[in-house]
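Listed below are the structures to be examined.
What follows is a pair of complexes built around chain A, which joins chain B in one and chain C in the other.
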Partner chain A sequence: MNRYTRAFAGPLGAIALIVVLMSLAMIVAGTSPIDGFTALFVGALGGRNEIGETLVATTALLFPALGICLAFRAGLFNIGAEGQLLVGALCAGALGAALTVPGPLGIFLMLVAGAIGGGMWGAIAGWMKARFGANEIIATLMLNFVAAAFALELVSGPLRGPLAAGAETAWLEPKYWLPALLPGTRLSIALLFALALAVLLQWVLARTVFGYDLRASGEAPEAARRSGINLGRITWLALTLSGAIAGVGGATIVSGELHRFNTQLSPGYGFTAIAVALVGDLQPLWICLAAFGFGILESGGLAMQASAQVPKDAIHVIEGLIIFVLAARRYVATRVEGTLP
Partner chain B sequence: MTELIVTLIALTLVKATPVIYAALGGVISERSGVINIGLEGMMAAGAFFAVVASFATHSPVLGLVAGIGTGAAFGYLLAFAATRFKVDQIVAGTGINLICAGGAAYGLVLLFNQPGASVQVASLGDKYWVLVVAAFVLAAALQWILYRTPWGLRIRASGENPSAVVSAGLDPLRLRTYAVIMSGALAGLGGAFLSIGELNLYSDGMTAGRGFIALAAVIFGRWHPLGATVACVVFGFFEALQYVLQGQIAWLPANAMQALPYIAALVALAGVTGRVRAPAADGVPF
Partner chain C sequence: MDASLSLRGIRKTFPGILAVDGVDLDLYPGEIHALVGENGAGKSTLSAIAFGEMRPDEGTVTARGTVGLVHQHFELIGRLRVWQNVLLGREPHRGWRIDEGAARERVLAIAQRNGLEIDPNAFVDSLPIGVQQRVELLRELDRDPTVLLLDEPTAALAPAEIESFFATVVQLAARGTAIMIVTHKLQEVIAYAKRVTVMRHGKVVERVLTAQTSIDAIARAMVGGAVPAVAARAPTELTPCLHVKDLCAGSGATQLRDFFLDVRGGEIVGIAGVEGNGQSTLADALAGLIEYTGIIERSGTMSSIPQDRQREGLVMNWSLVENALLGRQHRKAARRGPELDRMRARADTQAIRERFDVRAANLDVAVRTLSGGNQQKLVVGRALIDTPAFVLAYNPTRGVDVGAAALVQSRLMEARNSGIAVLLISFELDEILTLADHVIVMYRGAVLGSFDRDAFDRAAIGRLMAGSS
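For the complex of A and B:
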């Protein structure tokens, strides 16, 4: 296979696999795949509102997926995007509820707060890894639970909005809402930020010294170390930036979509984003496409559950299977080229 | 006060038990050279199918068997991918976690027609203590097997230097496969303890990161069965402490206290620097 066929074999193979597996999940649930897919696509793309919701999910997945991509490229398996997103959203929500500045400045400050919150959460794992050699996979996952517990504590008590029914912060003033991109839907300009970030990340990874150091640390840590790259610095920087990107994503959910923070704001975006990043082959621009695909599954999944009686959770099984198969595919691909015995 | 301490000790052992099973699974898998990130998912799958089998047969013992079998099956899946396809074990394990958690949620709707939690099924009831004792016995047994039997030596050799195993005329991939299947079976048993031992139903997210806490225990216990067991008891203590304190001291922040076992795991993870060494070929495909 040459590099062009491989570039297409990945995403196309993944799509074919998704279709087959979804069909199986539908048949098991007693629905014909035709009905199931019809329900899925009508639910995801059948109208202005549906497209808006699909792109909302795309945006929510794209931020953490880009963060995960950055960490993975540095050889760091960040499975804590869920917690980083949550902390970012909490910081943005708490700040936004207290702000008294002009609108655009307020929105900017909220996004910064999201980046700082998420970045701090990623930095804890990065510091533990760089300073103590603590396994980042376990550390980032443990921090998800810590984030959820503290977020619940804070919004149940000190940060709880005066009129909130549950564990939620106060509503944001409308001037702190991200402007709508598709009027009449919940889609905000956060999607444009995410796409711009993808382009920026692609450029950083491919064209800057920092991106080179990052990739070198991921692909050949020993060689990187001997060529003078400070692996510890790359480790904590990569996990901090990774968390910051997920945290900005959390802030955009608060400012653009829900207009306040609540602890249920992410239905596992941080985990689905792992599948998004891997299906996108850890290339930021492919990840945009993958995020759209998974956005269709996320928003169409609810409709599929309602009208075709296929449990939405089938999608998560499929995400897992895809990750699993992609892991094997990489081996098969390298074997075809003869670079591995 | 005495009563409180007795409660705390008893609860510590109960909370430690499922994590011990998973951690023993983690030790044997990593000793053979395969990192089993999928412990969490294998626990969830074991917990779910234990409930399904108990629901279908009204026999909690068959439920346990189903839990063990399910875990073993997913263990085989990981082993197959790790030995035959030389996949990135971390990625494959993450895939297994998503498959199992999503699959259980899908199965809940499909079989019990209700999202979130299953119906109540026949549980082990007050006989669950047998599994608590068994966890510690098993830890001692595994310590003996790994360090005192030829098979244990071979497993450890597969994780330290698989080429040497080949030189001895044995197949490290086969040894790894056996080890990872056992690892899955143990995780499945730990999951079954959660669902039909401590409770009598499956609910989404009930494993709550215990598979990862088990992985932290493996590292903290320096890849020794008994060491990992001690670490699990420490984590179990913090989980139990959180429950006991909540009932006793009203001003404690109840929600934040739930983070206690995870923070303990984080501190343990950071606290063992430089003093531990993983098996040399841990996570390296052969």
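For the complex of A and C:
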């Protein structure tokens, strides 16, 4: 296989796999796959509002998936995007509730706050790994729980909005809302930011010296070290940037969608994004497509439950299976190549 | 006399490669038979088939008795004792408990019978390479093989260890064991083997009695023509380049102790020594990869040919172009604005490909698909393309075939002739004696002696490598 057919086989194979697995899940749930898929696609793409919701989910998945992509390409298994996204959203929400500057500047500052918050959360794991050799999988995973507890504590107390019913910050003033992209829906221009970021990331990885160093560190750390790349620097930089991208994603959920921070703002976007990044073959532009596919699953799943009696949890079962099969596929691929003389 | 091992019409293909193509081979009791050929000629596949590790597509393997195989890379468990390694899986036991006393006695008995000296209680980790090989050999001998296959058995041994190793092998053969040695050291073939089989492209191209042939004739048969000569040594003007004094680094057996050397532009300095005497520590200290005390002064730029090309020198999934940039990507000339200059990288890669004869379908294939020799030529080409002031070459021809080795050695000689300072660390004494202007013998991390080219003394260097002066 040359690299073009490989690039196609990855995502297309994954999509075929999704379809087969979903059909099986629907049959098990007692629905014909045709009815199930119809309900799914009508629910996800059947109208202006449906498309809007699908793209909202796409955006929410795309930011953390791009962050994860950057870390994975550096050989760092950042599974802390959920926590990084949450801290970014918290920083943006807390800042936004207190701002008294012009609208566009306020939005910009909120996004920067999101990047700093998420970046800081990623940097903690990066520092632990670069300085003490801590395992980044455990560090990033555990920081998710720290982030959730930390956010709950703050919005239950000092940051809680004066009129809030639950653990929430105060509402943002409408001038700090990201402008709508599709009027009448909750979709904001955050989608455009995410797509631009994907293009930027693709360029950085493929064309720049930093991207080259980062990929070398991920593919062959020993060769990278000997070529003059400072692996410790790449480690903390990659995890910081990875967290910052997820954090900006959190900020856009606050500013573009919910208009305040609450602890329930992510139904596990940071975890689903791992599957998105892998289905997208860790290529930013393919990840955009994968995020759209998972966006359809996320928003169409609810409609599928209502009209075709397929439980929404089936979607999460499928997402889990996809991660599992992809991991197995990579393992099988290396084993097959490894048997050559 | 009946053959102990008989291969008939062996054929084996791997996807896209015909590895062994219709080979017959008979090994007779008491015979030492050498199997030689370039990398990829099919030697390893044939020995794996003879050992029963791999099944041929066609042909038959008939063995009388058991077949033993001593691997090139030892397959020992370092944290276990000698007797545990030798008897692994065949431990004598009383009930469900291993009978340690009987085990030790059994190992001692095999060792004595074969004239090998060994302490059955020693931990394998603590033993020198030559003794570890003895352990590997004992493990096979415990199974009382009628056929013994030895894959590059002397690759990691000092000259003195090689002699004592072959004394054992000759003794084994005298007692009726059929022995096949896979090797690329042709002196050993002539000195110890009775017959030699030469393979090229999966076929047997020659099979003769060693008494009726010569090193040159075998080498010609291996490459299928004249062996390319190494470029000639030209007179050069020496300029100071690298000065190392009182260098201490690392720890344990490979610790550097007050190491010193000077390499001048226009000369090749060779470090002779048995593997594991601190060569890697020296290379890492010179490359600035580890902490050290003492003086390392260098004028001008440096590039390296690392020891393990696949792990330390290449990104196996990357293309030739991307790999040709590795270690050079931080130079100003490699960039255009924030981007890597891709046109230039391609042009450089093409230049390396032509000058160093890197055989690849195109510049965009993954280096994983290249043969070891071509991978190595890429690594060497990359180290020399920017004409550095100093080149550190660590086993630059390890595991590459005769043709590629000659090309690499020629390019290093030409680099020297053009005024570059070359430090050659090699476990192959012949390579050092061929290339170096000056030899330093390294033993347990220290300088044990040094020789100028006009005073090279192979025997004396060999003795120093083994630690005796």
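In the analysis below, the second predicted complex is superposed on the first by the 330 of 341 C-alpha atoms of A that agree within 3 Å, B and C clash if a C-alpha of one lies under 4 Å from a C-alpha of the other, contacts with A are read in each partner's own complex, and residues count from 1 in each chain.
Methods note: a residue touches a chain if its C-beta (ideal position, glycine included) is under 8 Å from a C-beta of that chain, and two chains touch if they have at least 3 such contacts.
Since this is a predicted model, take the numbers as computed values, not measurements.
Under the clash rule set out above, the superposition-derived model of chain A with chain B and chain C shows the two partners fitting side by side.
With both structures placed on the common chain, the touch criterion links A:V209 to chain C but leaves chain B unconnected. Residue contacts after overlaying the shared chain place A:L143 against chain B, while chain C stays out of touching range. When the two structures are aligned on the shared chain, A:F108 is found in touch with neither chain B nor chain C. With both structures placed on the common chain, the touch criterion links A:F132 to chain B but leaves chain C unconnected. In the superposition on chain A, A:A223 makes contact with chain C only, not with chain B.
Touch criterion met: A:A275 reaches chain B, while chain C stays clear of it.
Draw one line from the C-alpha centre of chain A to that of chain B and another to that of chain C; the angle between them is 70°, to the nearest 10. With both complexes placed on chain A, chain A has more residues touched by B than by the other of chain B and chain C. When the two complexes are laid on top of each other via chain A, the two nearest Cα atoms from chain B and chain C are 5 angstrom apart. Where the contact sets of chain A with chain B and with chain C meet, they give residues 340. Those residues of chain A that touch chain B in the shared complex are 25, 28-29, 77, 79, 128, 131-135, 137-139, 141-146, 149-150, 152-153, 156-157, 271, 274-275, 278, 311, 313-328, 330-332, 340. Partner chain C is touched in their complex by these residues of chain A: 3, 207-209, 212-213, 215-216, 219-220, 222-228, 337, 340-341. Residues 14-15, 17, 19, 44-45, 287, 289, 304, 306, 311-318, 322, 325-327, 329-330, 334-335, 338-340, 342, 364, 368 of chain C are the ones touching chain A in the complex.
Residues 37, 41, 77, 81, 85-88, 90-92, 94-103, 105-106, 108-110, 115, 208-209, 212-213, 215-216, 219, 253-259, 262-263, 265-266, 269-271, 273-274 of chain B are the ones that touch chain A when the two sit in their complex.
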